[in-house]
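Could you have a look at this structure, given as structure tokens, before my questions?
By written order: A, B, C, D, E and F. Residues from 1 in each chain.
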Amino acid sequence: MLYNITTDHIIRQALQEDIGMGDMTTNSVVPFGKQANGRFMAKEKGVICGLSVVRRVFALLEPEIRFSPVCRDGDTVERGKVVAEVSGPAAAILTGERVALNFLQRLSGIATRTASFASMVAGTTTVITDTRKTTPGLRILEKYAVKTGGGTNHRMNLSDGILIKDNHIKVCGGITAAVESAKIHAPRNMTIEVEVESIEQVEEAVQSGADIIMLDNMDNETMAEAVKIINGRAQTEASGNMSGKDLLAVARTGVDMISIGGLTHSVRALDISLNLLFR
Amino acid sequence: MLYNITTDHIIRQALQEDIGMGDMTTNSVVPFGKQANGRFMAKEKGVICGLSVVRRVFALLEPEIRFSPVCRDGDTVERGKVVAEVSGPAAAILTGERVALNFLQRLSGIATRTASFASMVAGTTTVITDTRKTTPGLRILEKYAVKTGGGTNHRMNLSDGILIKDNHIKVCGGITAAVESAKIHAPRNMTIEVEVESIEQVEEAVQSGADIIMLDNMDNETMAEAVKIINGRAQTEASGNMSGKDLLAVARTGVDMISIGGLTHSVRALDISLNLLFR
Amino acid sequence: MLYNITTDHIIRQALQEDIGMGDMTTNSVVPFGKQANGRFMAKEKGVICGLSVVRRVFALLEPEIRFSPVCRDGDTVERGKVVAEVSGPAAAILTGERVALNFLQRLSGIATRTASFASMVAGTTTVITDTRKTTPGLRILEKYAVKTGGGTNHRMNLSDGILIKDNHIKVCGGITAAVESAKIHAPRNMTIEVEVESIEQVEEAVQSGADIIMLDNMDNETMAEAVKIINGRAQTEASGNMSGKDLLAVARTGVDMISIGGLTHSVRALDISLNLLFR
Amino acid sequence: MLYNITTDHIIRQALQEDIGMGDMTTNSVVPFGKQANGRFMAKEKGVICGLSVVRRVFALLEPEIRFSPVCRDGDTVERGKVVAEVSGPAAAILTGERVALNFLQRLSGIATRTASFASMVAGTTTVITDTRKTTPGLRILEKYAVKTGGGTNHRMNLSDGILIKDNHIKVCGGITAAVESAKIHAPRNMTIEVEVESIEQVEEAVQSGADIIMLDNMDNETMAEAVKIINGRAQTEASGNMSGKDLLAVARTGVDMISIGGLTHSVRALDISLNLLFR
Amino acid sequence: MLYNITTDHIIRQALQEDIGMGDMTTNSVVPFGKQANGRFMAKEKGVICGLSVVRRVFALLEPEIRFSPVCRDGDTVERGKVVAEVSGPAAAILTGERVALNFLQRLSGIATRTASFASMVAGTTTVITDTRKTTPGLRILEKYAVKTGGGTNHRMNLSDGILIKDNHIKVCGGITAAVESAKIHAPRNMTIEVEVESIEQVEEAVQSGADIIMLDNMDNETMAEAVKIINGRAQTEASGNMSGKDLLAVARTGVDMISIGGLTHSVRALDISLNLLFR
Amino acid sequence: MLYNITTDHIIRQALQEDIGMGDMTTNSVVPFGKQANGRFMAKEKGVICGLSVVRRVFALLEPEIRFSPVCRDGDTVERGKVVAEVSGPAAAILTGERVALNFLQRLSGIATRTASFASMVAGTTTVITDTRKTTPGLRILEKYAVKTGGGTNHRMNLSDGILIKDNHIKVCGGITAAVESAKIHAPRNMTIEVEVESIEQVEEAVQSGADIIMLDNMDNETMAEAVKIINGRAQTEASGNMSGKDLLAVARTGVDMISIGGLTHSVRALDISLNLLFR
């Protein structure tokens, strides 16, 4: 659920950045009062995401534009499918077109990629999650796209969960010390996750009382052994360059989650176009 | 040249988005006064971009952090090369690490990809340019990364140049009418670019007085013919799903520019890590 | 074409600056529920500009206010002519009155002055253009007023065109070097304008490939000679304390544009008043 | 006294508006590392105002720029006098030059005009004051310029004083009713000013307990009579197209203040230039 | 009268602070399309304040929510009384509930406390006023609540009145010098208030021409003597830990105002709850 | 740990709100160049909190002010103790004084009250926690004050933990359904807390897999029974008008946390003053 209050500043900034002092082409060549009708069409198969963002792009630009989605966020559409219609003042639609497409293509690209990964582990109990490796400024939208594509969200930011990584462990002098410190100082409602890199650290992490154990950069064999040691005493998360791996094999180690930075840090936009008619 | 006045709002938003109500892990486990030293290291070969952004990430977070680049934006670095050093309060460095890396990896990814495309056309007079298909909110940084990678920038936004596309032509009833309208209404210093999709349109575009002619979605043969017709009377730009093409062949048609949306809309982050030591 | 997305921040700031912690007079003396009707009336002849800004002033302040222009931006009105009507809650109209008038008077003042200069060169092919000598923060509105008054816009800001001035030439060691540098480093769609101050520089500027040549502080005779030398190989712009000159004589030198800083840096507000009735 | 906290948003907005996506000329032609020295020079006689604003323009743009005023705000300088020096990175100085001058010329223009009006009433006890007819967004700076020029400030905005004008009187059904209402509802520390347009209203205004009586659009004879009636029981303010009048004659009616909208709504910029040398 | 233009930034900030990256509970458990009806109910007797703020909280969050006050700001309600109704999408109402209540409870708490103090001095001519000891960022709302509760507002901020306190007197070397300086330098419409701490200072303050004299930290006997000395030549204000005093006794000294910091710096929220039904 | 990036907007808003168009008193009466020294002194015993906020208030206002804390946040100070010293330009210190005190008094008030509650349960394993009933806009500071006073933080906002309350349960048709829904849809790292109001709900909450169970508005006997039933299978939180209760008795029921809205919604400012000397 995206509220204007949490996303408008992103959309405004995108519009202002693109419009600058005005759309000189449209202002110079489009006659006043000209109306347009348009269709957003998928030019390749994928999962659509960002329709409410596109609605808001046009609403913030010109309230007279009408935007009507034909499908819903999360729908998989085939090549050639119309995903939404737009109509209203031609000048405003032309001015907002690129920003609308930039959001829609990018978020649909993330949703599509997430869906592809999720399908690889279908039938297992393992879920695909995102990371904090999101595009600066767009996290709330990109995490929404991951969810739309069938993934699960991990931490939204540094303030909604404890994730004790190698550096924190080094600073504190050990996993046990770090977790103890977190239990005393962190807000009471926070889960504590600990990153481990070897079998040796796994039992210490469990004993320390971690709620989630991140198994970082392990081969599948080691990971399976770690899962066996943990044995349900904590959730498990597989991490470390997962986007190039055989995710089904990773899932079969029994981990609860596979987190993939590449879901958001290396995005391929979904090809969607806007076809317009003028009256 | 990036000034704080034009980029600070992007960096602030990224920090605020990631820090939220505070870095609960670091606040809970890192002892007050602990110091750290770190090195940003390339984990794959690529073109580095974004060092001044990283400097500003840390400066806005905690003025006591010292950040010292070892190379400069635009340098190609090999795997394993240190690109910058950082030192100061451990807590602040850990809190800013992810935002710093998100910027550095993304911008370096764009620069690296641009450099790769630019090298394909090396030896010709054709240049690689970007488009407005940038990540919403990050355009100024992404265009800077394209330039850093050896590309050339196209329009920065809708207000700094006239680009008459198919829809504008439809609205006006023809290329000539559209260009005439632009000459009357647009600011005097603006170049006028016209998008054409067929050989038939090329001569009309030249006659209309366009400064640049975009040859959209043409095969190389048609493009070569168009370039011949234009014969230096306007600049030429090849456009349309260029990222998958043989760019050298495109360049050999004689076009002045090849614009590639994929430079910025489908980015693969360069793998860079931050290795820390604590005192 | 002014969109809310590019002008609301200016209007909001003006309202906030004037209202402060509240309109103490109106809040103290105007009874709740009182309604008002009003007419904006020109108290001297001039060109009206800023009606959509006034509409937005009232809309941002109180959505129940109805604002109905009787003429359109760019219309020349005689003394005593009603230019717009407003009705709604008396308190809100009184609170917004001054801000509305401050915008309307100022923008109409600029449009009126521009129209007066434009009429001086009527019948020639020369156009009047503005400069970047605008009131800090109001450029987009002031440039719009110049256009409304029949002028043409010059550069909107530093990012939409290359203008190589005396200092840039000094830094580079010459016009040719400066233009060459710009051709390599600037975005491809940018026009290049060069400022020259003597006949000697004119030919070099043309040879360097400048698209526009600014003839700065030349007497009319020298300017005519420069235009002859250039002979259509570049556009020409007359510049330098033009507001006090015989513009027709300047136009007759054959220059394409006359740019006048005084259009915006030394503005006389057009006298417009708001007359209210209460129910 | 101008603090950054109350003026930085104005300066930032001016810089962002002018720089847009970057100063393409300077970025393209000024070599990295080039240094510059410059002098701000008055090209006509006037009162200087805005030196701290210029300092802040450069500081916000590039902290390495050094700015050294040679005179102080309020000093009258002759034609040819150096008012300030600047040195530092050439690119940043060139990028900030226009914004710096736009502020300095405008504020000095206001100060100069105020000083000229103030000198007309020198030797009397009457002071020149400003109004709320300021440029939207710049009021705090323009009121500062009026004070710098030897004027006095009137209300800063709608929240710092009660000014009951003709419309308020109409709404309330009379001066007495309006003032009574204000005394009950307004903050206790507020002065109450009442606008009167005829001799008949003067006594009622005094009796109602007004602290200041604005004598609007009266000829000097009527005004002198009003002052006599009031006889020190309230302060008096002369108002209504004062900029074209014989201010000494107005002052001799005995009014305490003469308020002049034209001080800020119709400003002529003072001609100041920046001369640069490069190293 | 609260306008969106002066309060929206406060409400937005409160919503953004509470929603962060999204209401995870509501988003996870409330079915799409679920509707809710609710009633805001007073759980203790008090004066209601903030209904328009609550309306705006919901409007900014989700325009489909309908909010209908049953009483008006300033009404005293008994325990169990419904003060407003709300209906619309269940998810949005649940997400906005806490922010709405935080504003309503706090402002009603201030209004209730003010009303209680005001009732203590009922029957005298003394009024209760607030101070600048308000919660950072909420002043405009808190001053509104004081007024709603039957109090009077004192200075809104540092810019709408002169209040010469002990430190200012020390800096200037005396009351007379300070007031004289203020008369010369301050805007003409400003009242001048002087703080005095002893009978000795009272006469000097009157002679200096102060409009209001603040009697700080005096016992009632001294205060009565001061009021007698002043004898209507200035307004009087009792100040200094007034919230714990017998206000009727203070009022009987004859002071015009009693200012109480505790009205806003030490607030007890009024207990109000929101009871919801779902469809 | 408070970073500027997360708190500056609060401090800026407070300064802007108080300064408005300028501190008219200080600007009018304090001579240019005057210096001051001051001491912040506790006028009653309490726990100090907010020293870094005060430092930032002065730094944002005037960088030349030096602020030197004499104690640290969290220290208990006796009446009469100096907590910090400040020196620098007299005008700026006087202008910032009230905002500095407003923050320091409020945050110290919260810390003091928290410490008082924490001491009541000293010797038990129960901790005192806050709620989301914070002052709109100030949450990050108020939660910091609670922690400074020896309390623990609960949820920072709606996005960092799942708290299923009575309304969520109603919407979903039961505790089990709600928790199941949350487990599927919420980010994986989130703890799930469930609010129960009766013994009957307790076992269902445990069985559903809740991490924390909030025992709302129970008498101590019922609460003790609930704790016994839960028996360590989840954490427990006592809630519901706790500020008026015998907290030791509540703690002895064995609950892990006692959450108290009154810590932040009904704050009494700690009395702290600033004593200044001028040079």
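The definition used in the following text is that contacts are C-beta pairs under 8 Å (C-beta built on N, C-alpha and C of every residue); 3 or more make two chains touch, one makes a residue touch a chain.
Treat the numbers as computed from the prediction; the structure is a model and nothing was measured.
**Q** So which chains count as neighbours of both chain B and chain C?
**A** Both chain B and chain C are touched by A, D, E, F, going by the contact rule given at the top.
**Q** At the chain B/chain D interface, shared numbers over all numbers used: above half (same) or below half (different)?
**A** Answer different: the two copies use largely distinct residue numbers here.
**Q** Where the centre means the average of the CA atoms, what chain is farthest from chain A?
**A** When every chain centre is compared against chain A, the largest gap points to D.
**Q** Provide the C-alpha centroid distance between chain E and chain F, rounded to the nearest whole angstrom.
**A** 22
**Q** Rounded to a whole Å, what is the gap between the Cα centroids of chain B and chain F?
**A** Result: the chain centres lie 44 Å from each other.
**Q** Can you check how far apart chain C and chain F are, centre to centre, with Cα atoms defining each centre and the answer in Å?
**A** Taking the mean C-alpha position of each chain, the two centres sit 51 Å apart.
**Q** Whole-Å distance, chain D centre to chain E centre, using C-alpha means?
**A** 32
**Q** Which residues of chain C are in contact with two or more other chains?
**A** Within chain C, residues 19-23, 26-27, 95, 139-140, 156-157, 159-161, 163, 187, 190 contact more than one other chain.
**Q** Can you tell me, using the touch rule above, whether these chains form a line, ring, star, complete graph or other shape?
**A** The chain contacts form a complete graph, every chain touching every other.
**Q** Touching residues of chain D toward chain B in the complex: what are they?
**A** Checking each residue of chain D against chain B gives 12, 15-16, 19-23, 26-27, 60-62, 91-92, 95.
**Q** Along chain F, where are the residues that touch chain C in the complex?
**A** 20-21
**Q** What residues of chain A sit close enough to touch chain F in their complex?
**A** Interface residues on the chain A side: 127, 129, 152-156, 159-161, 163, 187-191, 193, 211-212, 235, 237, 256-257.
**Q** With touch defined as at the start, can you tell me which chain D residues reach chain F in the complex?
**A** 1-6, 139-140, 143, 156-157, 159-160
**Q** Which bits of chain E are touching chain F when the two form their complex?
**A** Checking each residue of chain E against chain F gives 9-11, 13-14, 17-31, 34, 36, 90, 94-95, 98-99, 101-103, 105-106, 109, 132-140, 156-165, 167-168, 170-172, 178, 181-182, 184-187, 190, 261-262, 265-269, 276, 278.
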